[in-house]
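The same chain A turns up in both complexes below, where it pairs with chain B and then with chain C.
The block that comes next holds the complex of A and B.
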């Protein structure tokens, strides 16, 4: 069938600059560039260009430019180009539209409407370059009260705690969705920076066992790669109920991505589809969740915190209360903008709620019920910079997860082709030719640099507020003010209007 | 600490009033000591018995164990003299569970290895998402009938449904829905409306009979009966029509 879809991008080549080195031919995984040996000419066609800029970044002479295809439709606020093109795609395939990365639509980003405070005159700000600044975070259930014996020893029995040097962890990204080199980069960076990375539900590659002290392992509906040693190695075990990019639905890792190596960690035959059912069929209620939480506590001898991850949805606050009562030591909320290796586009863009609102309502609810200390709150889904991190902590989070930001550090240009398995940056693919593009030495360095930069910025912001410990900011919403928000939004966020 | 009668070969525990946490702690200690066999008496609903155990320990349970019997288990052999509840053999890696009675819902959920024999009936979604991996191939033999969604999402392993409870036929619907691996052997027959869309039916071939015979030999060894007689009945084989049932539903 002839496609009616116009090309998304146009590739332009400056023939004066082009030296016909064929770097673009080798780098493009979408087959847009070619070399015609007969005419000694480079050719580009734009039909499959995803706008990933791999060729632009690697062209040694700067001969390439990628522009949006300026094809203009007649203005129509209802029938926007993306909507028209989605219909064309479905008319030609009859399928569920798949996409990658997070929701790119225009729902309000509340971080941009929240502003932080700073000290002026009435209390001194602190200079983190010369004064100590406490960034340590402990994840895990905290006791109702602490008893100290006469000799100063702790008499209260503590639930297992995990120490983070920086309150930013890496989101769950499974081997199979991302490459082993990406996971190794994450694992090494997490180890160096004293934080955690997360296996996702694809099992744990033996190569990464050495980073197990900084590893969160996931137990999800497919139970892929879950075996006793996997639970043993983990520092934290996470039950994945849902994901911000696709709340309420399962996942299908297509057989072509299940290479021999991927099959080994998932513990399934190579080439078979790895189907993750929508629910975990042993969890239909909070009581059932408690059953799996305690099954994992039994299996790990009560030595590891058990985390439960849900997508932020309408009743998150009530669900979170149930999760805490079910024994979760950590609850993870993944918001509307949480990303994915593959999800139906209609779900990604329309299901779930913004993480800022979910976080505020969950934190408030747990406080009202007097159980906030029984679990740490971790949030994810669209955290872009250290400003978002600080605002999240002021709203009540103990720590945040970053996925997209980490992948951008490794080269991702958000072209949203993760689901095709053709990632030209070698991140979201299991094609061995492409995965080599992420070098774990360099990848880990880039991630460490990112976290180091954020860490210094967080200290700067804290110092400016006159706060010398992250703990003093946690859930302290008086450090936040809202702009451009209505009364209901301010009420849910528990934040006052700027100037008030 | 419960009453504990020890011989060289066996430890007896009276589980009356013992919380599961304490009971499982004792089982782990005993397994670490190298005790080969434990008898648990007066079990009343304690969950997670055998969870995560990795030693070839033999556990005999008298009474009614609770949910998630043998979850994440890797090696032990559990015999239940009574009924088992939901989630028995959940995500089991290896080992054996033999139930002299009924079992509840989602038994063998996501099991990757090991064997489970249930003498009587089971609840909903038995054998859901069983898998196989290298030399691991879980086996679930059900003496009676199963409820709806038996073998749902099956990705590997062998499930046998014998229907020996005196009822005429299997009454489950949605059998093998989403099945994309493994095989189900069913005594008697089912109507096509009872099967998931992804399931095909066929007669047994020689290899199938050999596999079935092995399993029925074990089944009758545990619960009595005559395997040879059983094998004279009609059986059908249910298999996945496609290894990739959802390969074509997406637009890229």
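The block that comes next holds the complex of A and C.
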């Protein structure tokens, strides 16, 4: 069928600069570039260009430019180009439209409407280059109080705690969705920076066992790769109920991506589709969740915190309260902008709520119920920089997860082709020709650099506020002010208007 | 009807009331009572640290003749307020004795409220399951938030708070404080940046026999307050100092922690320091910080916290506000400035500036022995016990 779909991008080649080295041909995984040996000519066609900039980044002479295809539709606020093109795609394929990465639509990003405080005159700001500045965070359940015996001895036994040197962890990204080189980069960076990475639901490759002290393992609806050693190795075990990019939806790793290595790690036959059901079929209610939480606590001898991850949805506050009462030591909220390797586009862009609002209402609800200390709150979904991290902590998060930001550090240009398995940056693919593009030595270094940069920025912000420990900012919404928000938004966020 | 305490304390509805101050405390650890004359001279010596919008004193060992009775000092804006509160007190307590707190005309004290004191016994009105202290706290809260035109300055036994709008030496003059005797005195001169002062908003803040005088701004106020709200405290006055008072009440009275431990919650050692301690101590300090991280007082502060038998001086972890300690025989002095101590006790055994976050504790249980030994060793050994 002839496609009516116009190309998204136009590739332009400056022939004066091009040296016909064929780097572009080798780098493009969408087959846009070719070399015609007969005419000794480089050719580019733009039909499949995803705008990933791999060729542009690697062209040694800067001969390539990728521009948006300036196809002009008649202006129509309702029928925007993307909507028209989605209909064309469905008319030609008859299927669910799939996409990758997170929601790219224009729903309000509350981080951009929150501003931070700083000290002037009445209290001094603190210079983190000259004074200690503490970011150490412990995840896990805390008791109501500390008990000291008559002789001054400590009588309180703490539930298992996990220490983070930086309040930023890496989001769950499974082996199979991302390559082993990506996971190794994440694991090594997490180990070096004293934080955690997360296996996702694809099991743990034996090559990464050495980083287990910084590993969160997931138990998800497909139960892929869950075995006693997997649980024993983990520092935290996470039950995945949902994901911000696709709340209420399961997962599907197509058989083509299930290589022998992926299959072994997931404990399924090679080449078979790895299907994660929408719900966990042993969790149809909150008491079922409690059973799985305690089954995992038993299996890990009460030595590891059990985390439960949900997508941020309308009544997250009530759900979170139930999760805490069901024994979760950590709750993870993944917001509207949470990303994915593949999700139905209509779900990604329309289901869930902004993480800022979910976080604020969950933190407030748990405090109203007097159970906030019984679980740590971790949030994810669209955290872009250290400013977002600080705002999240001031709203009440104990720590945040980053997925997209970490992948961008590894090369991702957000072309949203994760679901095709053709990632030219070698991140979200299992094609060995592509995966080798991520070198774990370099990948780990880039991730460490990112976290180090963010850490320094967070310390600067804390010092500016006149506090020298992160716990003095955590949940301290007086250090936030809102701009351009209405009264209801301010009420839910629990912040005051700037100038008030 | 709920009284808008907050509007009196914080008319512009700021996040919190900001003030800077002078603070002073002296305790005779042998329990010997002495007059307030020296304390008044000392706090007056730090006149420039305040701006005349608040001054106050707490005195312990004040009413030995009524030592077993709750002594309420209550201020009234008018006659109706007094009538209502007195009817309330007669209903809820057994009123043993009441009198006006004597005052004298003082030039700069304008339009003062009436202040009376009441010596009360907790009677039959107390529900059985409630302790006498909890009962008293509840009634104080009821008066302060529910009854118009009245405010309870203090409610402990054998102690009282005298405070008001003015420089501390003027407040002392007004209340004739040189005529009183106590074994422990604390004093405060206030420099609020954003409120016209009102009498109830001056320091010391008090609940039962606990008092707090405070110099500083607590940058962690937002989370300290939210944490205390989880434990049922309503921070009606929106001041940093109120948060300190409630944190002390929670940790010491409700959670039963010793004062040395209290200091490790309010101004904990750095994580890196905790890791260098021996294993047992490390575990204790780590646990305290993990559990009570939201009560860490961050930002510049010095506080003097007192209750019967004990006086504690504490600064923030990096000592952004001043505190000097002086020792002479059995007496322990705490002050914003050393000059104030030297003014009233020129021949100190020892004077020093404690490290940030290191509590200085004077206690009747461990009286300082007069003698040649260095003063700081005597004081610090008491603290090092934990």
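What we mean here is this: the second predicted complex is superposed on the first by the 495 of 500 C-alpha atoms of A that agree within 3 Å, B and C clash if a C-alpha of one lies under 4 Å from a C-alpha of the other, contacts with A are read in each partner's own complex, and residues count from 1 in each chain.
To be clear about the criterion, contacts are C-beta pairs under 8 Å (C-beta built on N, C-alpha and C of every residue); 3 or more make two chains touch, one makes a residue touch a chain.
Small disclaimer: the values here were computed from a predicted structure and weren't measured.
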item	value
Chain A as common anchor, with chain B and chain C clashing or fitting	fit
Partner chain in contact with A:465 - chain B first, chain C second, else both or neither	second
Which superposed partner A:45 touches (first chain B, second chain C, both, neither)	neither
Partner chain(s) touched by A:148 [first = chain B, second = chain C, both, neither]	second
Chain B versus chain C as contact partner of A:134, first or second or both or neither	second
Contacts of A:98 with chain B and chain C, given as first, second, both or neither	first
Touching partner for A:122 - first (chain B), second (chain C), both, neither	second
Which of chain B and chain C A:477 touches, first, second, both or neither	second
First, second, both or neither for A:3, with chain B first and chain C second	neither
First (chain B), second (chain C), both or neither touched by A:449	neither
Distance of closest approach, chain C and chain B, by C-alpha atoms in Å	25
Common ground on chain A, meaning residues reached by chain C in one complex and by chain B in the other	none
In the complex with chain A, residue positions of chain C that touch it	13, 15-16, 18, 20, 193, 216-217, 219-223, 226-227, 229-231, 255-258, 261, 270-272, 280, 283-284, 287-294, 296, 298-300, 317-318, 320, 385-386
Residues of chain A touching chain C in the complex	119, 122-124, 126, 131-132, 134, 136, 138, 142-143, 145-148, 152, 154, 156, 158, 161, 367, 370, 372-373, 465-469, 471-479, 496, 500
Contacting residues of chain A [partner chain B, same complex]	89-90, 92-98, 222-223, 226-228, 231, 252, 254-255, 267-269, 272-273, 275, 277, 281-282, 291-292, 294-295, 298-301, 419-420
Chain B to chain A touching residues, read off their complex	20-21, 24, 28, 47-48, 51-52, 54, 67-68, 71-72, 74, 86-87, 90-91, 93, 106, 109-110, 112, 125, 128-129, 131-133, 136, 152-153, 155-156, 178, 180-181, 243-252
